[in-house]
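Note that the chains take the letters A, B, C and D in the order they are written out, and that residue 1 is the start of every chain.
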Amino acid sequence: MSALGLVGGLLQAVLVVGGAPLLLGMMRQVRARLEGRAGPGIAQPWRDLRKQLRKETITPRGTSEMFRVAPVLMVAMTLVVAVVVPFVGTASALPAVADLIVVVALLAHGSVAIALAGLDTGTAFGGMGASREVTILALVEPTALVAIFALSVRVGSTSLPEIVGSTLDDPARVVSPASLLAAVALAMVIIAETGRLPVDNPSTHLELTMVHEAMVLEYAGPRLALVELGTAMRLTVYLGLLANLFVPWGVATEPGVPALLVGAVAFAVKVGALGAALACAEVFLAKLRLFRVPELLAGSFLLAVLAVTAAYVLG
Amino acid sequence: MNVTGVALVAALVAGFGGGVAGLVVPRTVRPVVVGACVAAAGALATLAGVAAMAGVAWSAALPWLLPLTGVELAVDPLGGVFLAVTGAVAVAAGVYGIGYARGGLDGRAVQAALPVFVASLLLVPAAGSIGTLLVCWELMALASLLLVLAEHGKRAEVASAGRWYAVMTHLGFVAILVGLLVLAGATGDGSFAAVREQARAPETAGLVFVCCLVGFGSKAGVLPLHAWLPRAHPEAPSHVSALMSAAMVNLGVYGILRVGFDLLGGGAPWWWLAVLVLGAASAVYGILQAAVGSDLKRLLGYSTTENMGLVLVGVGAGGMFAASGDAVLAALALTAALLHVVAHAAFKTLLFLAAGSVLHGTGLRDLDAMGGLRPVMPFTTVAFGLGALTASALPPGAAFVSEWVLLQALVHGAGSGTVVASSIVLPVAVGAVALTAGLAVATFVKAFGVGFLARPRSAAAAEAHESPPTMLAGMALAGLACVGLAVLPTVVLPAVAGVAGGVTGSGPAVTGAVTIQLTGVSGTMSPLLLVAALAVATALVAAVVSRRSARRARLWDCGGGPMSARMEYTATSFAEPLQRVFDNVLAPDQDVDVTHYEESRYLVRAVAYRRTLRDRVEHRLYEPVLAAVRGWGRAGRRLADGSVHRYLTYGFATLCGLLVLMVVTR
Amino acid sequence: MVHAIQLLNLAAGALLLTAVLVLWRRELPVIVRVFAVQGVALAALVAALAREEGSAELAAVAVGCLVLRGAVLPWLLRRALAGAGEVQRETRPVINVATSLLAAAALTLLALAVSRPLVDLAPTPASRAVPFAIAVVLIGFLVLVTRRHAVSQLVGFLLMDNGITAVGFLTTSGIGLVVEIGVALDVLLVVLVLQVLTGRMREAFGDTDLDELRELHD
Amino acid sequence: MIGLWRKIRRTGRVAEPAPPAPEAGPAAPALSGSVQIRHVDAGSCNGCEVEIGSAFGPVHDAERYGARLVASPRHADALIVTGPVTRNMAEPLRRTYEAVPRPRVVVAVGDCARNCGVFAGAYGVVGPVSEIVPVDAEVAGCPPRPEAIVAALRGLTGR
């Protein structure tokens, strides 16, 4: 636990919590502009959250504690990830938790909490969303871990600070086929886990096509605000992870206000750029049929295997 | 006689004494006495196991006890791990059994068999010679068979499950017998110490290992010899299911470790490659069947196959690393395997006990008919939820820690051994472990979410009642073990790592009190800090969200409604997407019958959907074999039609044939 | 020098990636476009080799590769596609796409295993990429086996050819200009013949699904 | 894909410049620039739905003022109800209103929703929306112009 890690961790928590809705707003704004709209502005998700936090809480009859605690758990798990992953500085606030496998599993646990809440309502939509969510989660897992394997083979560790540090020391590795293939595979994992197109349509209103939305149809007021904040934070954290695993430039290596500032700005810029790219790509994509999603995930698994192969073959 | 010996002997006395007590004490106090004996035997055995792990070895030879071989006991650290695990499971099962037995399980045979079964479970890892091991193994098989058949009067499936179990466990026994007799053949007394000293040809060693892998593997429920497991485990009374699934299957792993590493002293890489591949296949296949199944106890049985598969992945990887001379990594992989044995024992005990509690309170095993148990069975719901969290290998959980160590071993193994091993086997193993973890999440979200949350889908579920205190106490013990292993695995890790290091001949691969620190390779993880961070974050988030009172409202049913239980997602519908994705592997039989009104074929009167999921391995592998056996039987019947003349003719013909043969060969 | 090796690695990676994409996508025009990209990747690979060895002959071969595999063959394929009628998609491959992707993963690992002795023979940066080229050959074969549409089969054949060419260059660092020209001409001829055949098939059956050919024996 | 990209480039922005903001309604301070809307068709002829679709289309772009259509009344702050309330929809409308967390507003869109329009007195009609749930704002017209709908929504968001 170092000074850089602690300060960086706190800074990251603030950045992720404060920036996640802005990222979502920015992505919606990009999309709106590409569709010829004016768009509500990037602060709109924050306005939504502010309003929802002031509204009344509703507990549907027949739901248990699971329904009530799931949003809190999801946000808490994402928050832990946001603090420990080396986004701003190379050191982590809790190096013993900043392990790539732990982080990915924690984020998955967040979705599991929401899936259980969806089942807890006992509505058809909640069950449907939960079923789809965990199906996708189960199929994503092999890709995620094999891609992690490809990344950590060359570093000899799954510890995030070490991976980021080693990429900083040897930037040329980023353009190796192993690293590029792993990046593409992880990007697909992220798209599937955060429910973006073409796996899930985040702005759908049709229950039958929903995955994530279907699970949270019963939430209202502050709990809904938590769910939405959590979803935005997950997206931010995942994009930040992708950015820092492959382009860790700008990350602070020693404590100090200027270095941390540069690190924070670099993090914001990288995540913003990735988010904008994702939003642009989404304009061109249609949602896949649910039973085409395994095909996409099989493809991403293949890419992850190729990344491993490339790591062995080409070094 | 040291502490290990005293505790073990006391445990055995308690076990066999419990067996006698089960026969003689009156029915009213029988479950209490027997349960107390089982729990005492378990506690003492745990003490013995812990002492043995700490290095207090003990051995004894009692040549007078059995004819031919005598009995030799020897407890070393490796046996100690399994003693401790078995003992701990027995404590929870014994306490639980006091309340559970009141439901018609307090007959003499069952109550006497239970402590004997526990004693035999303790004897197997304590056996010090091949003869003793074989005798104890057979005792264990017979006692467990009796217990599986305990409820044969209530359900017809029990008899069929018992048949499967009896046949397969004895075929496995034959395989072990052949392997170990070949091994013991060269030495005089067959004690482990003598076998270890013996030099033997690689071919002989390979034969022994394959025989033992088949025999012990079938006990561990490894593919394709798993067919008995998801039949027999669910049909047994639930605390016996827990003992079988959490303690008995481990002894299959123990056998493989004992023979492969200890008696044969390592071996060729292909042995361990076979173990790893079988383990990976069992893990994926087992959890896939669990993910699409809807019988709660059968699902848990398949999950046992999965977890034993994961353990064997660790064992296989450890063997491969050891064969390529990397003792540190081998110790790491074995540590992962042993830790997973411990974690699995904890959560599988808890899950089977909770499933038994549901069975006790509702009479249901079918997830499709459950639901809404949270208000009526709060304690059981929490217990099952805790077990499900652990079983799905999500952080923070005991199984997550062991899978993390396993993945570390696989990742760091990339640089060791031959290229084919490291570049092909390890990534595939990682993929298999990951798919297993993902499907385990789906399985246990289904089991917990559909079975316990939501609203009741049958009258039995709605009218459920919580179980008696002794059953709750049994679950609480197992639950405490789960929580303890999740938060502080570092309490048991050094001991387990020491044992693994002793097996591979290196130091412990894992150290650390708060943070798990791998030695020799880089990797740290701290479950305690993770739990602390999660707790702080949860408190923070919960504090930020204002605690205004919530309005209770009816469920959003799209304005229609009221929604009936028939509109809920069931376990079958929950698993349907997965079943469709793995259609090629599972090959389900599906039927959709649509009946129309007479007036028009556009008006649907009813839709009937039927799905049967057969275990494909069973279907493809066992049924042809069974058909062939049946064919021989028919041929045999034709030969043996009851005519005495015919039998005399056979004898005469054989005699003449032999005489001719002698003439020709001389 | 470092840059040439990096380019070589990237080109080898792109070669494999494009092969995978051919297996993945269903739309035939996209498949043809991906195939053109693969031609460019192969040319880049040869160019990287040329740069590393400073060989003018190889540079000429690279240009030839670019023209033939990056432009001429895709153009011919597009023409074949235009003549292939309405069906512009591989509608129902023999095994489903997800399974064939997993099969491709297995084939890649197999290629890695079998090419190890080859690499150990002469462990140069070029020969280390051989497993990728062999994987391309195997994936090409898989396309040939599992796809029904004549044009995608043609692409499968050409994938194999690209893979074999890459193996040739990577193991021997150039098989000589003359041989390459000869092979190129052969391939061109095969494509032309197959294109004529597809045209005929379409005239005869109104489709280019090769499974229809099964009925010829009657 | 390239074709779509070209089309996006060629089309540019289609949203019309925003007209001056109308006076903010009484609900605006509580909602502060964000209104999530659940639409309920209580028996409409679908004329109003077309206009609502148009109000949320690129040209009028109601989303730029902070209004957004959502899938569940639990997520909503406002219901926009169209059509005269038919017998079959009266109870579902009441339940939908109950499902919305407070503070909540109801906008009756179209003449039918305000006073049953041409369907007044029809045997299947219970009455206008205001007879079933309290109405906070009304949009007149048969069908109303999208500009009018957008103006009503801006009255809620205050933007």
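Basically, contacts are C-beta pairs under 8 Å (C-beta built on N, C-alpha and C of every residue); 3 or more make two chains touch, one makes a residue touch a chain.
As the structure is a computational prediction, the values presented were derived from the model and not from experiment.
Think of the whole protein's Cα atoms as having one middle point; the chain whose own Cα middle lies nearest to it is A.
Interface comparison, A-D versus A-C: the pair with the greater number of contacting C-beta pairs is A-D.
Here the spacing of chain C and chain D, counted between their Cα centres, is 56 Å. Measuring from the averaged C-alpha position of chain A to that of chain D gives a distance of 33 Å.
The mean-CA centres of chain A and chain B are about 35 angstrom from one another, to the nearest whole unit. Among the residues of chain A, those in touch with two or more other chains are 56-58, 217-218, 294, 301, 305, 309, 312. Residues of chain D in contact with at least two other chains: 72, 74, 99, 101-102.
Contact of a single residue of chain C with at least two other chains is seen at positions 99, 109, 112.
If you check each pair of chains against the touch rule, the ones that pass are A-B, A-C, A-D, B-C, B-D. Of all the residues in chain D, the ones that touch chain B in their complex are 40, 72-74, 89, 91-93, 95-96, 98-99, 101-102. Remark: chain C residues 2, 6, 9-10, 12-14, 16-17, 20, 24, 96-99, 101-102, 104-105, 108-109, 112, 119, 128-129, 131-132, 135 touch chain A in the complex. Looking at the complex, you find that chain A touches chain B at residues 53, 56-62, 64, 66, 72-73, 75-77, 79-80, 83-84, 94-97, 99, 101-102, 105-106, 108-109, 112, 115-116, 119-124, 126-128, 130-132, 134-135, 137-142, 144-146, 149-150, 152-153, 156-159, 162, 217-218, 222-223, 225-226, 290-291, 294, 301, 305, 308-309, 312.
Of all residues in chain A, those touching chain D in their complex are 32-41, 44, 47-48, 50-51, 54-58, 204-207, 210, 213, 217-221, 224, 283-284. Within the complex formed with chain A, the chain B residues making contact are 291, 371-372, 374-375, 392-395, 400, 404, 407-408, 410-412, 414-415, 419, 422-423, 426-427, 430-435, 437-439, 441-442, 445-446, 448-450, 453-455, 514-516, 521-526, 529-530, 533-534, 537-538, 540-542, 545-546, 548-557, 563, 567-569, 573-578, 580-581.
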